[in-house]
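See structure below.
When the chains are written out, they are named A, B, C and D in that same order, and each has its own residue count from 1.
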Amino acid sequence: MEKIKIGIIGAGRIGRIHAENLGRLHEAEVLAISDPFADDSLRKWALELGIGLVTTRSEEVLDHPAIDAVLICSPTDTHVPLIKQAAAAGKHIFCEKPVSLSIEQTAEALEAVRSANVTLQVGFNRRFDRNFRRARELVLSGEVGQPHLVKITSRDPAPPSPEYIRSSGGIFMDMTIHDFDMARYLTGSEAVEVHAFGSVLVDPVFAQYDDVDTVIVTIRFENGALGVIDNSRQAVYGYDQRIEVFGSGGSVAVANDYPNTAEVHTASGVKRDKPLHFFLERYTEAYIEELKQFVSALGGSIPVPVDGRDGYQAELMALAARHSLKLNRPVRLDEARQLRKLATTHEGGM
Amino acid sequence: MEKIKIGIIGAGRIGRIHAENLGRLHEAEVLAISDPFADDSLRKWALELGIGLVTTRSEEVLDHPAIDAVLICSPTDTHVPLIKQAAAAGKHIFCEKPVSLSIEQTAEALEAVRSANVTLQVGFNRRFDRNFRRARELVLSGEVGQPHLVKITSRDPAPPSPEYIRSSGGIFMDMTIHDFDMARYLTGSEAVEVHAFGSVLVDPVFAQYDDVDTVIVTIRFENGALGVIDNSRQAVYGYDQRIEVFGSGGSVAVANDYPNTAEVHTASGVKRDKPLHFFLERYTEAYIEELKQFVSALGGSIPVPVDGRDGYQAELMALAARHSLKLNRPVRLDEARQLRKLATTHEGGM
Amino acid sequence: MEKIKIGIIGAGRIGRIHAENLGRLHEAEVLAISDPFADDSLRKWALELGIGLVTTRSEEVLDHPAIDAVLICSPTDTHVPLIKQAAAAGKHIFCEKPVSLSIEQTAEALEAVRSANVTLQVGFNRRFDRNFRRARELVLSGEVGQPHLVKITSRDPAPPSPEYIRSSGGIFMDMTIHDFDMARYLTGSEAVEVHAFGSVLVDPVFAQYDDVDTVIVTIRFENGALGVIDNSRQAVYGYDQRIEVFGSGGSVAVANDYPNTAEVHTASGVKRDKPLHFFLERYTEAYIEELKQFVSALGGSIPVPVDGRDGYQAELMALAARHSLKLNRPVRLDEARQLRKLATTHEGGM
Amino acid sequence: MEKIKIGIIGAGRIGRIHAENLGRLHEAEVLAISDPFADDSLRKWALELGIGLVTTRSEEVLDHPAIDAVLICSPTDTHVPLIKQAAAAGKHIFCEKPVSLSIEQTAEALEAVRSANVTLQVGFNRRFDRNFRRARELVLSGEVGQPHLVKITSRDPAPPSPEYIRSSGGIFMDMTIHDFDMARYLTGSEAVEVHAFGSVLVDPVFAQYDDVDTVIVTIRFENGALGVIDNSRQAVYGYDQRIEVFGSGGSVAVANDYPNTAEVHTASGVKRDKPLHFFLERYTEAYIEELKQFVSALGGSIPVPVDGRDGYQAELMALAARHSLKLNRPVRLDEARQLRKLATTHEGGM
């Protein structure tokens, strides 16, 4: 079989991880990587991985005649133009989440993808986590009956830098967006309305950027099922990622992963080590599986596992949540886009 | 020490359990029990327990000169008049939850208790569960730092009868009220605003009585902490009662109790028995502890563990949740009473 | 139904617990209790429980014409004479473990019981623990197939006093005997050979009394299944009582009971409270169930759940283990009695 | 840094896994692989991994001037001659367990290694498992005090083929040997005496080869601590690998790894997926870590983590266990070698 030739745009942490993971797949090959800050260290790393071309210009990747597909791992505000260029160049696309901070621009990007008839996968890596996948399988197989409630906990070990916060698009677009996608994935149903409560409890810097650090978002789904997501920017015990789906036939719950199974009993109690501390540890395998499936989808053996519409819907939920927080009332997804227009003065804020 | 003399009004399931539990306390003695449907079977049961007086008339209990305190275990709509009579007779009072379905009447009952200077304890039994008490201790001792999030799951094994549903006051007043109290107990903080989503997913009979069977209620507390409660009238795997308090220093979570610790590994998977099936099994010890503390409070050795204001606040939260569901918007507790007046046409509904 | 009338011999800790537990059974009634050290405190306690006769002389209990059955809760060296007297008086008998420290005397006691045609139940309380019972049910129902391995952990929270150690009959007769019975109970099979390794690691006082404090005993059963018991006189984290049965179809394992289900996550790890600390807490319900079944067996509704032969076989296993430790070789049960004769110089030691 | 150049002898399952794992290390490089059955499929696999030389002759690897170290992954009966040749050629050596089925030959191999002053690491991969390593760390850091008891469970998901059984050296040398090493690793102490009970319960074919399939081995350590190992050739629920170290300060226990954390509650109970099914899944990371440390040891940054003496001692324990089973008595390690000589007629059996 011919290997799928891949180019990567953006050589930050996640771009490099994808490159290394692709290096282990027999079906794919990374030909090029671009980054405006490409330096000798990057060149050395690329050399070891056998990546032939390292450049500061994304165009060199996008125009590379041998390349079949590109991974867009650059900052969020570059996603939409890059998607349009890649689509125009006939390249298939894997794009990190979110597609953009603007639902209208995301819609334009999806339209470009559609016109060019290329494949787009959005980087919701958690769908590929063995725990969440097993939960999804159990829901699909009817083990818990008709879903009534879905509960998602997602807490980061520590808040990001102020710079990151400023351009993050706010907690809903940056962090909860994964959970919005998870809610849709687990229930197989669309949200119709969203309500959010939020607070600044971790660090006042969030208030400075019109953002919050602690939220509870509730969701009403088409079929009457209800959902809830709780987020915190700081769980001192590490990365906390759990879900539960409760239905007419029972429930399935997924716990965190721990670094080991050792349990200690002493005179002062029972203890074990805290959960895996960060997303790179928790989702090591998920990142590998994510690209495996992207490559398989390009090869035609499976449908694309997370498509543009998945990206769009999660963003729409994030947008509705943001409006809900601002307006202090539940917001329907079908009104979220309209409200968006009224709210443009908040541009750049959460 | 002189034993505290107790009379019980209402000889249903919970009245009898309380009588049997009091029978094991050295500090208390049940002198009388009343029930409009008192019959030979009740008399036989009372005889075995050494309860001297069995009557169909609550007045005989309330006016009994030797009785120090009464337990009000009769239907909810009798609570307020009975509290007023008991207070007027100078009896201390233990009253099952809720005090009433009307926040104004509850306020009147509390006023009567205050005027008469008697003690009132409200029957929020879950506060006495060893698991929840341990969680509360850990929060109080600062183990999890400042609370940021409180999560409460409370699901019944099976829905009640249509007759019960009709006069229950609706899911928030009948079922969630325990969780509202638990939220205040765990955080030690007051709610300021409540939002509810609800659905009828278990049985259409709930819709018939203007009620729902599946809810997610979110709470905003005075100090910015957030809370969420999820309820279902039917968890096929049994009684599901769990909580989590997450804070600046970590989290404490309480799991269900199971009938045994046996775990089976076979070729088809790992299994164990489902959780304790009903509240009487789960809270056996809690009911004993609840009355022990009532008796201790009457003896003056501890403050009353759940007082009238606790009863009132939980009802106010239930009222706010009901308005939220009807109005499809968050409702502040300080407006809930006013809204109540506008909403009197719903009287008798949820 | 006529209540079964019971007398208790020995008013130590366990005698009183049995009396209190019998007080809650409708089918039984305690008429008398004897103890050589009976005093006013005991009389006061008996009065509250409604026990009519308190005496220093066991004869008064044994000769009491109204008494149907006696509970022998006095020191081990009085068991055999008391069993003989009770049998001669036609009383049914519940005797705490072990029946005696001498397999020959135990045999005599059983013969007396047989001749008098009375019922004898031996106090192996752990068979009535909900966890172990569930394991036994699962084995019986074939969930784990044919048993191949049985593993029993049994560790005390703290060593007994030197006085207790001196007259305990040694660790195998005092402590492991429960586990020998558990091994037979769980597998439903008889041991044919036993091997023991032992050490003094907790306290040198054990060596002083020719005893050990840490043992691993292995067992070969009739059907080829193998077993292992590990004991320590001191687990600093509390009472440790677990089992596992592994077979051709899988395994069933029973964990300890904990005082609550609260689990705390902090920056330094995950913790929960240690197991229930002592046998009275762990086996509260088991002691109640044990006497319930004794009373039921006397009433004829069930066979006696732990009979004299059960007591004898566990003692024989303890004897074989003791010989094994002394001889440093495996010892067959059918040779243990013979070896006993050769070993009489060790009388009084372990 | 100069990469360490490695040759692999034996291209079976484990040889290939090691080659692939080495491929991910920056500090090492596989130059050659030999296997008597080397074919096109092996050549294709080697090509993809960039291994330059594929040969049917081990000499080509051993004599390769550029190679620093060899991995011996060929059948057990070839280990000793290959170790001698490798040592003579001045190559460092990683050898799969056991070094040999003959304690005398193993001693000769170790002598050759010593004379040549090369490094030898023996393939006890379980020491590199994150769970067991964490247990070891906790013991070393004094968390459980002085070790008193060590318990090891090790059960395979399914018995090997009759051919494998025939040449396996018996269960103690083939399977329990890992546990003997684990017992030494966890306690940091040497065994002085061993006792074994064994049965044929899984498959009569084991009896045919003078072997057993179910064993319980107990161990007495130098410092008085005691140990027990239970093995079965068939746990229908998958690979079962657990340990517990109990000491004066508490205990540490290590549970199995499971494929995911999903737990399902339904009306019929609570279930989750069974443990990881086979050693390649359970020890994926351990195999990587094992070679990482071998390479680090060759680089001089850490001492060799499992040396020849570790291999020898585990074999000696296996030998003592085998004698114990045959003689039906405990066997001291210092007599095991002598007994070996008397027992040569059993050569080829267990």
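Here is the rule we go by: contacts are C-beta pairs under 8 Å (C-beta built on N, C-alpha and C of every residue); 3 or more make two chains touch, one makes a residue touch a chain.
Note that the structure is predicted; figures quoted are calculated from it, not measured.
Matched by residue number, over half of the contacts between the chains of A-B recur in the interface of C-D, chosen from C-D, B-D or B-C. Chain centres here are means of the Cα atoms, and by that rule the chain farthest away from chain C is A.
In terms of C-beta pairs in contact, the better-connected of the chain pairs A-D and A-C is A-D.
Look at where the CA atoms of chain A average out and do the same for chain C: the two points lie 59 Å apart. Averaged Cα coordinates give chain A a centre that lies 41 Å from the centre of chain D.
For chain B, residues touching at least two other chains, in rising order: 235-237, 240, 249-251, 265-267, 273.
By the touch criterion stated above, chain C contacts chain B in their complex at residues 26, 48, 130-131, 133-135, 138, 143-144, 249-257, 259-267, 273.
By the touch rule above, chain C contacts chain A in their complex via residues 235-238, 240, 258, 265-275. Of all residues in chain A, those touching chain B in their complex are 145-146, 148-149, 151, 153, 155, 193, 195, 197-202, 214-216, 218-220, 224-228, 230, 232, 234-237, 240, 246, 248-251, 328-330.
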